[in-house]
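Input: one structure, supplied below.
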C-alpha cells in the first residue's frame, strides 16, 4: 500500500512505471467502484485551480469523493507557530486542524507553498514537514516548498505519451520572465524528474537564478544512474540545440532568495526571457513546449508557441488527473 | 448523445418533450447509478446559488459528482482578452483554464453573465462563445449574456406541472422594478420559451425597456409555428386580461444599454412596477406567479403574492434540478 | 424515520444508544451504498471547519453526496427580516433560499450561530426557528443559538469510548478565557448531555458567566432522571475534585449578554482561566481534557495539556463524523 506520495525519488523505476501504467489503464478502462465510499481530505494552504479540480474529479471517477478545506473558507485562520499564545486573529492551530481534517478521510492531500523567507528553511521543507508530521494517514504532497510530485508524475507520463526518448532525449528546463518571484518547487522537482528519466537535461537560466547546489547534485546523481546528464547554461541557442522539450518556468532568484527588492531589480532586466518561436530554431523539428500552468501569455511564452502545435500543456494538465488517479488507487484501493 | 445544451431553439418539440419526460421519470424513479464515475465540471464566472446547488445535487442523484471552479477561489484571475501581455493581476488565460477544466470532466457547465457594455456584443454572445469555443466536450449553458436554457426547460416543465394550457394559455412576461440594471438572459429566453410552447405571450414593460427587435422576432416566429402569439404592452391592465401566468423579471433598459446613469435615471421613476395582488384583478382566477429567483421582496413582487397560493416559484426552482438531471442523463448516460 | 435532529432532549435513552451503536457499527463496517444517490444540502450561515468537512465526508462514506451553500459564496446576501422592502444589498430572502436549497436534498443541515443581541431571542431560537420553519424535509441542527446536537452525540460517544462512568462519573464544564464573547450553544447543550448521561456535573465559571436558569433547570431535571447531579462553582480546586473529565469552553457573559463592552471589561480580568496541568491536581489521575474545537492554545488551554495524554480532542472531533453518519443513515437510509 502506498503510504506517502511526496517525491519521485522515494520510488523505484518499477514503481513509477507501475503508476504510469495504472494511469493509462484507468484512462482506458474506468473503475467507478474502485474507491467506493472512500474520502480524500484536501487541505489547501495555498491557492489552486488544476490541483483543486483534478483531485476532486479523480475521486469521483474512482467512485469516492473528497472535501476541500482552505483557511479562507472560515474565520479560523490557522496558526502554525509553536508555543504561541493565540490571542490574536487565528482561532485554530494546525496541531488540531490537520489531524482532525486527516481523520475524516482515508487519505489527505496537502498544499503549502514555500514561504520564501529563508532558502534553508524552504529546502528543508520546514513548514510542510510540520504539517505532515501531524498526519497518521496516507498523504499526498499537492505542492510543497520544493516538491510537486503529482506534476512530476504527470510530466513523466506526458513525455511517454509523446514518445520523447528517455535516453538520448534532450530536455531544456528554461527560466522565464514573470513579474513576481515564484517558488522553486516545480523547477527543482522537474529537473530531477527529467534527469531521473535518463534524459540529457540543460537548465537554461540567467545569472542569479541558478538552482541550489543540492538540487543540481540530486539531479546529477539521478541522471548518472539513469544514463542521462545534467548541465547548466545561460546561452539560449546552445541550450536549445537539438532539444526535444522545452519546459518553461519562472522562479525566484536564488542569489537574492527572500529579498523581494533585489530579486525584482534583477528580474526587471530579463523580460526578454519569453519563450518564442525563434528559440526553437536550433531545436529538434518537433520540439515540444511544456509548462505546469498557470502561464502568463506574452510574458512567459508567446501566444504563437502556446497556441501552436508545439504546445502540449493541455494534455500535460489532463495527465495531472490521471496520474493522481493512479496514486489514489494505490493508496486507497482494496488491493492497496 | 446530447452535445450542447445552449438554447431550446436547437431542439425539436419531440426532443424537448423527451427531456421533460425524462425529468419526470427521474423524479419518480431515481437512477443512482446512471452516471456512476462521471464528472461534471462547473465553471462559474458569475455568481450563483440555485445553479450551483442544483447541478451538484443533480450529479449526486445520478451517481456521479462534480467540482466547482470560480475565479474568486484562487489568486488566478482569468484573463480573456486576446493577444494581451499578461503582466498584470491575472495569472491565467481562459485559453488554458477552460480546456483544462473541461478535460477533467465528462461534460462542463459554464456561466458568464452579460458584460452589459455593448448590446451588440452581448446579443452576439461574444464572451460566452469565446469560452465555449475552447471546449471539446459536451457543454451546458448555465446562463450566458442572452440565454438560460436550464431555467427555460425547468419553466416549461413547471407550466406542464400546473396544467397551464400550451395553446390558448396566456403568459405575461412583466418587467419589474429593481435597484440595479440586470441582464436580458432570462427575459429574452423566457419569452422564446413561452412563445415556443404555443402560448399567447405579452411582454409588459415600460418605455425604454423594450426587448431587442431580434429577440422579439425570434419569439414571434416560434409562436407562429406553434400556434401562439407575441405582443408588447405598457398597459398593465390590458396585458393581464385573462392571464394564466405572470412571469416577473427586471432587466436593463435597452434604450440606455451599458449606460448605467441613464438606465438608473429611467428606472428610478418606475418603482411602482412591483407585482401586487391588484395586478391580478383582470387575470384568470388561478393566475400563477413565476420568477427565476433570486427575487427582491417588496421591490419586484409584494410579500402577499409571493407567500400566497399564486406563487409557484419554489416548485419552479426545484424543477431546475430535475430538468438538469434530464440534460445530464442524455449527455453522459450510457445510452447517451 | 428520523425527521429532525435538533436536541438530544427529543430522544429517548434507547434512541441515543441506537445512534451511538450505529455510529460504532458504521466505523467498523462501512456501508458505502447506504445513501446511494442521496443528497444532503448544507446551509452555513456561520463559519465552519469540522462541521463542513465531517458532513461532506460522512455523505461520501455512505455513498451519497452533498453541496454547500454559504451566503459569502455569492452576491446574494440573504435577508431574513419579515416584511422588509429589499432595496438594499441583499438580493434574496431566506423565505425563498431555504426552501429551494432544501428542495435539492433528501435532508438539510443548517448552521446559524446566536446573534447575541438579545438573550431572550437566542434562548427562544428565534432566528433558527425562522429558518427551519421553512423546511419540509428532514433537517439537522449544525449549531444554532443554543444547540449543537451533533457535537453532543459525538461527545456522548467519546465518553463511552473512554469508558468514563455514566453514573458516578464526574464531569466539569469549565468556562475558559477567550478574547471574544462566544455563543452559549456548546456549553448549554454540553451541560445537558453530561447530565442526561447521568454524570455528576459541575459548571465551573467566574461570576457574571452563570448559565441561564432555564439551561440549568433543564440539565438538573435530566440529571435527576438519570441518577446524576448538577451544581455550579467558581472554585477551581473544589470543582476539579475527583473529576474524570474537564470540558473547557469559553462563552459570553450572561450578565452582560449582547453588551460587548461590558462583557469585554469583565473577561479582561479573567485571562488566568486557561486550563493547565495544576488544575488537574485534585482530579482523578486519568482525568481527560475535552473541547469541541477550534481551541486557542495558551488562551483556553495550555500546550502541555493539549499535547499530552489527557487530551482526547482529536478522537472527539473524529466522532463528529461518525455520529453524523448515524444520524444521516437513520434520516435517509432505505430502512429509515
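As written, the chain order gives the labels A, B and C, with residue 1 at the start of each chain.
Please note the rule applied: a contact is a pair of C-beta atoms (placed from the backbone, for glycine too) under 8 Å apart; a residue touches a chain by one contact, two chains touch by 3 or more.
Treat the numbers as computed from the prediction; the structure is a model and nothing was measured.
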item: Equivalent-chain rotation between chain C and chain A, CA atoms, steps of 5 degrees; value: 120
item: Copies chain B and chain A - interface residue numbers shared by over half, same or different; value: different
item: For chain A paired with chain B, centre-to-centre distance based on mean C-alpha positions, whole Å; value: 40
item: For chain B, residues that touch 2 or more chains besides their own; value: 65
item: Residue ranges of chain A in contact with chain B within the complex; value: 30-33, 47-50, 52-54, 56-57, 59-63, 65, 179, 293-299, 303, 306-307, 313-314, 317-318, 321
item: Chain A residues touching chain C - in the complex, by the definition given at the top; value: 36-39, 41, 64-67, 69, 73-76, 79, 83-87, 91-93, 95-97, 99-101, 103-105
